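One chain, chain A, appears in both complexes that follow, with chain B as partner in the first and chain C in the second.
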Partner chain A sequence: MRDVAIVAFAQSNCQRDAGAQNEVELIMPVLTEVFKQTGIKSAQDVDFTCSGSCDYQQGAAFAFVAGVDALGAVPPIKESHVEMDAAWALYEAWLKIQMGHAESALLYGFGKSSPGELPIVLSQQLDPYYLAPLWVDTIAFAAMQARTMLDSGEITEADMAEVVARSRNNALANPHAQLKGDQTAADLLKEATYVSPLRLHDCCPISDGACAMIICTIEKAEEWGKPYAIIKGIDHRIETHHIGSRDLSRSVSTEIAGEAVGVKNGKVDVAELYAPFSHQEIILKKALGLGDDTVINPSGGVLAGNVMMASGLSRIGEVAMRIIRGEITRGVAHATSGPCLQQNLVTVLEAK
Partner chain B sequence: MSSSAEILSQAFTLGYTYTRSTGPIVGQFLTSLRARKMVGIKASDGKVLMPPVEFDPVSAAALSEFVDVADCGVVKTWCWVKQPRKAHPSDKPFAWAMILLDGADTPMLHWIDAGDEAAMSTGMRVKVRWAEETKGLMSDINGFVPEAAALLGELKPAASDEQITGMEAPIYLTYNFTAGKATARYLQSMKKGKLVGQRCPNCRNVYIPPRGSCAACGVPTEEEVTLGNKATVESFTIVYIPIPGNPIKPPYVIANLVLDGANLSFLHLLSECKNEDVRIGMRVEALWKPEEEWGYAMENIQYFKPIDEPDVPVDQIGKLIDEGR
Partner chain C sequence: MAQLAAVVGVGQTKYKTKRKDVSIAGMVREAAVNALEDAGLTWNDIDAVIIGKAPDMFEGVIMPELYLTDALGCNGKPMLRVHTAGSVGGSTAIVAASYVQSGVFKRILTVSYEKQSESNAMWALSNPQPFSPHLNAGAGGYFAPIIREYMRRSNAPYDAGIKVAVKDRLHGAKNPLAHLQLPEITMKEVEDSPMLWEPLRFLEACPSSDGACAMIIANEELATKSPRKPAWIRGTAMRSEPTMYAGREQVSPQAGIDCAKDVYAQAGIHNPRKDLDCAEVYVPFSWYEPMWLENLGFAEKGKGWELTMDGSTSLIEGGDIPWNCSGGVLSSNPIGASGMIRFAEAAQQVRGEAGGHQVDGAKTALGHAYGGGAQFFSMWVVSSEKA
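Presenting the complex of A and B:
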């Protein structure tokens, strides 16, 4: 596998409601920013463009096509889309580069969840015969997953609150974060339950926003003369949709993906983990074999702001930018999709 | 449509009125459910999966051996919903739970009517509360209840015993759609009886309705351009098929129209002429509804009608200079 460079990354603020901003107006500022960082003018200057979004979130059919209006796709560009988090758009572009079909790629993800009732919208991503007709939502599944772990004694409610307190605290230094603060775990535990055993703060907020990234071959990055972080490995795995067959207290797919990309082959300075619910960070930390010498979610993670369909790519961007800024030399980024961490993508990033 | 400062929004419901094919495995499960019986399926390793799936989650082998399981079992995990959402199966507080039915090896998802969170515990025994009428849907189980609860409802026999091969699975999702900034500006102008587009700072093309960007150049558009009521037919079609809910009687003409001074067409109705006289290059003009009927909508223009001006050559459509400005 050839190394691939991340040369630029930008993300919008996570906002509860982006109001009068359509998909183009959400995407355009982050595109402008990554073009500036790379020193290029438009999507015409890369070989491939791929985006991640889901039209169900805002209830606008073909919003992902409308989003192309932000690109300047005249003359026509090579363009693709995944109805997934843009971390998987990165995976598609990474494959293109591996195959020699492209030397550079623009990726972006956007989500406007505010127009709908997101947990109910997400219930419709589940099995259409057995689950979707009951309108069971992902918060409920996450809550049942948390109880499995609480019942077995693997975690305590205090452990979960610690994750939230640290996320909100880390988010104080993140200008894009939606939820930040210096509450202690003890403060948080005083709150009532929401969907028991979860408290509201155990759940990621609902956010609108976008992010964008530019990747390329190492040769292209050198030609552009820009600092970069290197993708040393990227892998994704999925577990069965038959949720009763899964062991919800582990993330087997994350374990396999982490093993495949060699997470343990060196010290992990920073890990950005896409854990939409507090207890899931504990599952992921264990699945990736991360020790206490790894700083987890210095950005605050998605508990501080979760732009569905962009947050996975943003985890990768967060780690890449720390490498580009010279703060760290090796990091891991994780993205997820589906109920109870059903599908997981793991990326190992290193400095040159 | 409501307007607050710059934001225009409108509630709407998206309906996906799907009928799904079940296939033989799901179909058998739903057929049994309608007869108030629970069946699982034997996996490659001999375990009984509940509800049944077509393929083994581990070996991927096709599965076919159904196994009867009980309509009662044990709660493996659960959560408590204090404030049910409108779409939820219960309008009073309830539990979602993974329930391991006696005779099955994997728990299945359903809801429990326990009355109070204090009545719930992991490991408690529950039983199915069958719906009075069964239809071959997951809702044939009207939730589970604690095993000791008395069930009094009358159970009607199933209306049919035919094998189920499909199920109605309508989905309705409600949204509050918000117009983008550029669209909102455009609609606010429409409400005042003005057609206002945006000009690309790069290629100078003018777009109406504007989207806030030039799709060709990929740059934001800010400069607003007020356009007149005259336009040219770029293309058209004659619609002969009645469209449900559409008050306009066919046959009628829908045309791609390019306003003078604009470079991209939009769709609108063309009327006050014989359908067969409509042609590419034809000059037309907007007929606005009475001012008191104006809203935040393109329908403020009732239709476009022909005007007595020479046709525009095809290669010049969309390239006209708006002399009225």
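Presenting the complex of A and C:
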């Protein structure tokens, strides 16, 4: 595999309700920002564009078509779209660069979840014959997962509260975060349960927003004369949809992906993990074999703001920007999709 | 440099209005198993699965790849879901090919499907978009004015569309998998069918189908060892442009012209009519055959209808460049799969596996798909020869 450089990343603020702003208005500022960082003018200046979004968030087919309007795709561009988190759009573009069909690519993800009731909307991503008719929402599934872990004694409610407290504290330094604060775990534990055993703060917030990234070959990054972070490995895996067939305290697909990209082959300074529920950060940390010397979710993670369909790419962008700013030399980023961490993507990023 | 890759297995379901006998997973798995059998492989031989379909609202299942992973033997493997509107079947094949052409994977499975009977595509296509004027037109209503503009500019005879409708159904009658089986169809019957969207009559429009199409794509080493002839992927291209912008050429979109040029250059095609033996082109409404003949460079501007009328695109009339020998989208239209069926049928032709609708000695073929407001294009050229 050839190394691929991340040269630019931008994200909007995570906001609970973007109001009358449409998708184009959410996307354009982050596109403008990554063009500026790279020193290019438009989507025509890269070889390939790929995005991630989900129609059901806005409640109408073809959400991504609006995205093409934001690109100013005149003259026409080489463009594709995944109905997945934009982290998988990055994967598609990474393959294009590997095969030599592109030297550079623009990626973006966007989501406007505010028009609907996201947890119940997402119940319709379940098996349509046996599970979807039950309308089991994402929070109920996550609560069940947390319950199995608490019952087995693997974690305590205090462990979960520690994750949230750290996330909110870290988010104080993140201007894009939606939820931040200096509560302690003890403070958080005093709050009532929401969907037992989860408290409201154990669940990620619902956010509107977008993010964008530009990647390219190392040669192109040098030509542009921009600092960059290097994608040393990227892999994604999925596992069974049947919750009853899984050990919910593990994320087997994350383990496989982490192994494939060699997470353990060096010190991990920072890991940004897409853990929409507090206990899932503990599962992911274990699955990737991360030790206590790794700083997890310095941005606050998605517990501080979760733009569905963009959050995975933002995790990668968060790590990349820390490398570009010279704060760290090696980091891991993770993205997820599906109930109880069914599908996962892992990247290892390094400084040059 | 891209690695060589080839289609080594193709599997399709029978296309029909309602597949009441299978679930979505069962239908998708049926196509996948057929592809595996065609390639002489088992689930364990597959490194990744790339799935495509049109909007999730067509069946009402959000990100259905999550639910379909078990049926597609994908547990523990990579799964990617493509969605690029009507061109998605083609785009999915191209993304799937890149898994192998990048050298990252050796052999992958790609599947596209639509089970339109689970919902109502007309509704899913026409529900109002926030902050946008509501067209409530469906696809036919959207394309009809563009077709009228083509007729005005080209002075095409009024029955060119009727001719395409008949020709593709006669082709479809040679393909046992085709949804519509109309071996007795006549020009008069099409002309007498109800007018839906002037100038498109009922029989000039595609049906609404359930079905799935799958392909196995392998690298050079594995493709060479494959039991049946591989279809070598000689070029892949995608292009997009916005639905609307000032001065947009909607009859012959620039994105389609650019996409064709790109894929021809990769495959060494200088004169598509001469250098290709046949083409599977996304023609959901009859008049799109003459329009795409021009857009794709098979005919000069304003002359596409002449190839249609003189039988050049008909397998049955012995035309020199048969289009849609499988019956095309006009005979089977599981929307999300329709693009991949074009790509797969092109592969079947150059593998010599097209059965009753085989073009004798076909060596090189084009697969084409388009979507949205004729703004998303994906194309590939496959050949029986590596180079």
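Here is the rule we go by: the second predicted complex is superposed on the first by the 352 of 352 C-alpha atoms of A that agree within 3 Å, B and C clash if a C-alpha of one lies under 4 Å from a C-alpha of the other, contacts with A are read in each partner's own complex, and residues count from 1 in each chain.
In the analysis below, a contact is a pair of C-beta atoms (placed from the backbone, for glycine too) under 8 Å apart; a residue touches a chain by one contact, two chains touch by 3 or more.
Bear in mind the structure is a predicted one, so any value in this text is a computation, not a measurement.
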| item | value |
| --- | --- |
| First (chain B), second (chain C), both or neither touched by A:4 | neither |
| Touching partner for A:22 - first (chain B), second (chain C), both, neither | both |
| Which of chain B and chain C A:148 touches, first, second, both or neither | first |
| Touching partner for A:140 - first (chain B), second (chain C), both, neither | first |
| Which of chain B and chain C A:58 touches, first, second, both or neither | both |
| First (chain B), second (chain C), both or neither touched by A:74 | both |
| Partner chain in contact with A:128 - chain B first, chain C second, else both or neither | both |
| Which superposed partner A:335 touches (first chain B, second chain C, both, neither) | neither |
| Which superposed partner A:66 touches (first chain B, second chain C, both, neither) | both |
| Touching both chain B and chain C, residues of chain A | 20, 22, 56, 58-60, 66, 68-69, 71-74, 115, 121, 124, 128-129, 132, 240, 242 |
| Chain A - residues contacting chain B, complex | 19-25, 28, 31, 42-43, 56, 58-60, 66, 68-74, 114-117, 119-121, 123-124, 128-137, 140-141, 143-148, 151, 193-198, 240, 242-245, 248 |
| Contacting residues of chain A [partner chain C, same complex] | 1, 20, 22, 49, 54-56, 58-62, 64-66, 68-69, 71-84, 88, 91-92, 95-96, 98-101, 115, 121-122, 124-129, 132, 235-242, 252-253, 256, 337-339, 342-343 |
| Parts of chain C lying in touch with chain A, wherever the complex brings them together | 1-3, 23-24, 55-70, 74-85, 91, 95, 98-99, 101-104, 118, 124-125, 127-131, 236-243, 245, 253-255, 258-259, 372, 375-376 |
| Parts of chain B lying in touch with chain A, wherever the complex brings them together | 6-8, 12, 14, 18, 20, 22, 26, 30, 49-51, 53, 57-58, 76-82, 85, 87-89, 96-98, 106-111, 117, 122, 137-139, 167, 169, 171, 173-184, 211-220 |
